[in-house]
């Protein structure tokens, strides 16, 4: 994928939330570290899967890319340029976002045509009639009937709403769509429809996707590369095939092993015990060490760097003892 | 096979709606033996949760239950509130989907577990109940159970909460556990742990489990038999191996096919076109509109559940075709 | 806001049509709406009565004090021989107008404070909400009395204006508005906070929508629901306030009738001419109770969970 | 916890400070001025004398500096002298405040208990006939002006039935508790009824919400009886928002107290503030309003503490 | 639900009890105001004078027959008996106190107490409300314990109306403690400890003072005169008159006096219609003079023809008959027919709308298309008409008058203010542009300088002093007032009073309306109450009140 031009790059991005406290009589200051030192990039037309469990910071990073969350540290690059006000203006048009919950993602008070045309209206692109025409075109592209334009979100099923949300994201002809768990609120029989739609659109428009999910099974069907997050840290970043064939980080291994598989009677003893600690108090050293079967003393003190797995230069993992 | 613990015959639940009655589920029949796990699979709105609530007599207010539920030879449908209360939490226990909201936020974990004991065991006091709760917490794999018993739900992680809910359900040693999407709100690694826990507990106590999920893969990992529901009806019922080896109903086949496989990538996933219909679509097979095999006959009469192979039942005119 | 040109009016009905359908099934809500509509018609009927019927709400008749209902005076006359019915109608205009205007002004103030507080959060929120809390902690009625007692000339108004009837009317509207906006501000803030985190707002922001754009096109429309409910309740409360202020001598100044001052005026006559107290009392009672039931009905209609 | 309370007290003190300035300014906007009243019927008073008096009383100073002087004196416990009562403001206000607080507390308790009972019963069958009846009662309570309710109470229970005395707080020469209680019955009922309606609606809404929640279903699934489900599981969580709203409403009882005290001729703070505003008794009006604000702020503080106590999810820090 | 109902019923049963049989040793008087302070010379208020009338007696007072009588003296001073005499530019008035008078703590009342009162009253910093009386007195000479001579700085026709006294033995300390102007009023025991027995010298003394609610009076053991008829008198303030009436009907209040603020005339009339036999009703014509001040600076009202037309257009007789059931006599001028100085030569103007219209036409006002008159310049004959908001009776009369004026083409625009604004701003600073309706109440035959003399027009330069709100200037009136004040010759006085009434009726600086009637509601068993109708209230003879 390195052949394609870099579209968006995160360089040592950290995000932390100040949960109050501190100051005059404020008590203990509480800081939630949602993301720590995360670096990755997405090339034009590439699909990157961002995988992690709840609380791993994957949505936060999605928000950073979509410009909804300014990073606390680190830089964000768009087509090679560090983000500033001017870059953002261009980036806002080129980066769109699709959310998990199709019920909350559409303003119940707007007709579908307005919803789809909204990104254009905000950026003052085209005339009113032109925007309407574009909305009509997009409605058909995402597989909805034309008469959907004058209807309201509540008249549609979850899958159809997700199509509308995708149409909205497509409206300004973006280069990247951040898809934040776009499937997890949908019925299983609908998931594959949307998944195929996204694939089709990607092929048709040369879109790049940042596909955020907790579902490794889905990742395998859509993405080019996978980034695995654990407690705000990037623990593995690898091309899809390599990652699924030979996960390098113990967490990735555990994750993969935990995915239930059809018709496969489970082998007892789960791959991983315990739960992810609170991001308010991340453990020192390697954040995964309290649950890691391989953990040693070094893991408790030293933060492992993201480095290629032995013999696999494209597969980066942050582990002292990677496979 | 041992004698069934639970025997459901022609169960239906309906709600009053716009003058008439709205049948949310109908014609549900199955049996469940001790020590066995029955998986119920279906998409949202297929009636699987209502079926579960009917088993514990908690179908919400205007709802009406018909048919028969026999538990240990005793008819449950139509029994008194007092009889239901004595049964619920004692012989039949339930675990719900959201461990955060299923727990009372203002009561300690220990007390909530003890409540089941105090309610059902004669002579059991609160103090004794809370002591026993600590043991139960330990049994479901919670570290430092003494501290956790004193904690409030919000002080526990999601996985621990679900363990606590399970401990609560198991407090009185139920013979049937109805688990409604118990792992859906959890991460995959935790989901695996909870599934393990349920299997371990079943091994130890010999209880029957009715496990409800929208996720075929999860169900296949734990169940002995599977019921596939669609729009309030059972469309297929089979032992787990048979179901996956030879799915007979087009819907089941579609579900299996559309599920992305983590181990194999395909260029394009097969799809089931359309979406789940609104309930009460009139006569005919409810899946007909989305079914690749459907013809005119499918839209006229509703197919009955027929046994195609030993223990393998399907409701489709075209099954086997 | 060029998008406003898009033909949305026909389609825009559909959300409201849905709610209307839900509201229509709410029996007490519908009854309340009917009662309020009747009360409005009743108040407005003063005009035809005055123009065509020749009834004058201010015409006194010393020979006809406390007359029982008759053909000339359908509800009889009051202590100055004035026609009770027409006075009730005109009083209704004043009371309802005070209720509506004070609510609208207070509501606007609440919106102007609640939306930015909820939307921007942080320091803006802290300052605005501490201010709101401070206002809330002031004892309402004594504060109303102080405000009612404020000498307008000391605020730079001319003595002529300060003593005019219009000043008396607007004073009540304004003081109720500036005292009673806090609850709406809090409701609006809470609603804004909820809407702000909605994905559609985040999507708009991701597309580069500014704060003003988001507040106007998404937040305002979506906080309308709680505001409308709260408005109906406030109108009722304001009408009650007006009667209490009349009782304390700071209400609409007679001879301009309002239900509040008519009720208050009838206090001393309650044993001798109870009808004079009963009419305005019942009108206030029905207005407030209907406003409350209407609010209840709207709440039901706007609550998606009530769909079944 | 202590830290939280301390911080809230400081916040309340700040609000009180700001509000004292607001009230001070408002009082200054009332008609007339103190000097006018002082020399009202002194035909010999000249503009020079008036100016001299203005200087003595500092009324020639700008608002802020006058406020500063007042504040400095107030901080030292000197709230000035009540013109109407010819006594230091605090000496007049303290017994009235106590009397009003008693009235408010008793009525508030009565209103809360009644609202709990009615709200819970109504929430059990929302939309049913009992709920409709309770809604009607609640709305009726909201819809009647307090002064009118008071007058009706007097006419029915004092004039017609002779059950209770119509005015005052005690019969002269009869110091018994029973006598005292008899005088409190009607004001308490009046004030409580005015509050019950709103409270009942809150309790009902909160209970309906709570009864719908998952943990109540869990409790039922455990086999808990209906009484236990409603009173222990649903009510306890429903209480949390309700307590806050109720406590926030405590301050609004001042308004009601003003009206009941006027109608039942009881010496209380509400009536005193009202009289002082009408009587141009600036010091008393100002201090009275501040005390009323203080009571409200304190009740808000208590609400917050109660909130934290009722809801273990909230840590007061 | 049932439990709650049962509890409510139980509570009712426990607390409720039939009204106790009145022991008749106690009288509860219901009033609608509460005295702000009990010091007799600070903040003059009717309710305070009424309350203090039970406990603190002036030396002389007008009785119910409007005769000046001694309360604490042996005889009234007069030129005839030599106790009053001319002296230089002024007069000397000898006061002879009755012997055996005691304060409520047993200390004798002496002439020193009178001198003490003068000392305070003469001091502008004492905080006394009305210094005008004491500023006439240059000095007081104490002859012996019971005799004092007051030296007036000019002749004064009211010299025989003798003042009250303060207990020097108690109040001297308070007077000395004052550091700032007005401090005495704060230090006085009447303010700080009103239940101190020594503060009272009447038949009753205050034993309980609940600020804002009630005053309890009990017999003064050191009272020398008729033994009081009640063991206890309670004066209870119930501001809301509807509630006050309910209290009367429920028996919580026994007596609604007419001379203290209590039930309105309207209420008493209604009560009488409804329960004619339940109580005794007394109506006493009083000094209070209801009228409409005309702002003479208003160009429309500057024309005497318009003023006269305004009066002629009013059907005051019907108004009085209908609204007051004939209890309130129509006024010809500001002097009530009951006053010895009333002049019969000044007649009550009749109701004559025809003449009113003619006068208006003469003044250039002709009816326009809407019936309202216009002058040559096309201006409407529109006049602002204000009174005290909240006074039902006035507001009612106002509405009727508005209609009556309309009938002759005068438009009256009602603009009412609350009493405190009305008196504190509107009339006091002459902000009313045309008409203001209210009442005066002065003493019997008391010269009307305050309200009619040209030097009493409030302006910014006199600090808005004086009560001549009309802006009335008439040399004849000024001269007559001076005569009435200072000429001790009865003939001259009578002539001056006649002149004042004539000038007033001719010039009409104000439209005379009615003399008020005090309305009393007495329990059947209460005897001995003699309404006075003037500002020496009936409570000054409270020792005669008794139950039967």
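Lettered A, B, C, D and E in written order, each chain numbered from 1.
In the analysis below, a residue touches a chain if its C-beta (ideal position, glycine included) is under 8 Å from a C-beta of that chain, and two chains touch if they have at least 3 such contacts.
Owing to the predicted nature of the structure, the values given are computational and were not obtained by experimental measurement.
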{"item": "Each chain counted as touching subunit A and subunit D at once", "value": "B, C"}
{"item": "Shortest contact path, subunit B to subunit D, counted in steps", "value": "1"}
{"item": "Of all other chains, the one whose Cα centre sits farthest from subunit A", "value": "E"}
{"item": "Taking each chain's C-alpha mean as its centre, the one farthest from subunit B", "value": "E"}
{"item": "For subunit A paired with subunit E, centre-to-centre distance based on mean C-alpha positions, whole Å", "value": "87"}
{"item": "Distance between chain centroids, defined by C-alpha means - subunit B, subunit C (Å)", "value": "52"}
{"item": "Interchain centroid distance [CA atoms averaged], subunit A/subunit C, Å", "value": "48"}
{"item": "Chain centre separation in whole Å, for subunit E relative to subunit C (CA means)", "value": "43"}
{"item": "Sequence positions of subunit D contacting 2 or more other chains", "value": "31-32, 147, 151, 155, 278"}
{"item": "Residue list for subunit E, restricted to those that touch at least two other chains", "value": "240, 242, 249, 418, 421, 425"}
{"item": "In subunit C, residues with contacts to at least two other chains", "value": "151, 249, 267, 270-271"}
{"item": "Subunit E - residues contacting subunit D, complex", "value": "1, 4, 11-12, 15-19, 26, 36-39, 42, 44, 124, 127, 129-132, 135, 180-182, 185-186, 188, 190-192, 208, 210-214, 216, 232, 234, 236-240, 242-243, 246-247, 249-253, 418, 420-421, 424-425, 450, 456, 460-466"}
{"item": "Subunit D residues within the subunit C interface of the complex", "value": "11, 15, 18-19, 22-23, 26-32, 132, 135-136, 139-140, 142-148, 151, 155, 248, 251-252, 254-256, 258-259, 270, 273-274, 277-278, 285, 288-289, 292-293, 295-297, 300"}
{"item": "Contact set on subunit D toward subunit E in their complex", "value": "31-32, 36, 38-47, 49-50, 53, 56, 81, 83-87, 92, 96, 114, 117, 121, 147, 150-151, 154-155, 157-159, 161-169, 172-173, 178, 181-182, 185, 262-267, 271-272, 275, 278-280"}
{"item": "Subunit D to subunit B touching residues, read off their complex", "value": "213-215, 217-226, 228, 233, 236-237, 240, 310-313"}
{"item": "Subunit A-touching residues of subunit B, taken from the complex the two chains share", "value": "43-44, 157-160, 187-193, 195-196, 199-200, 214-218, 220-222, 240-241, 244-245, 254-256, 258-266, 268-273, 275-276"}
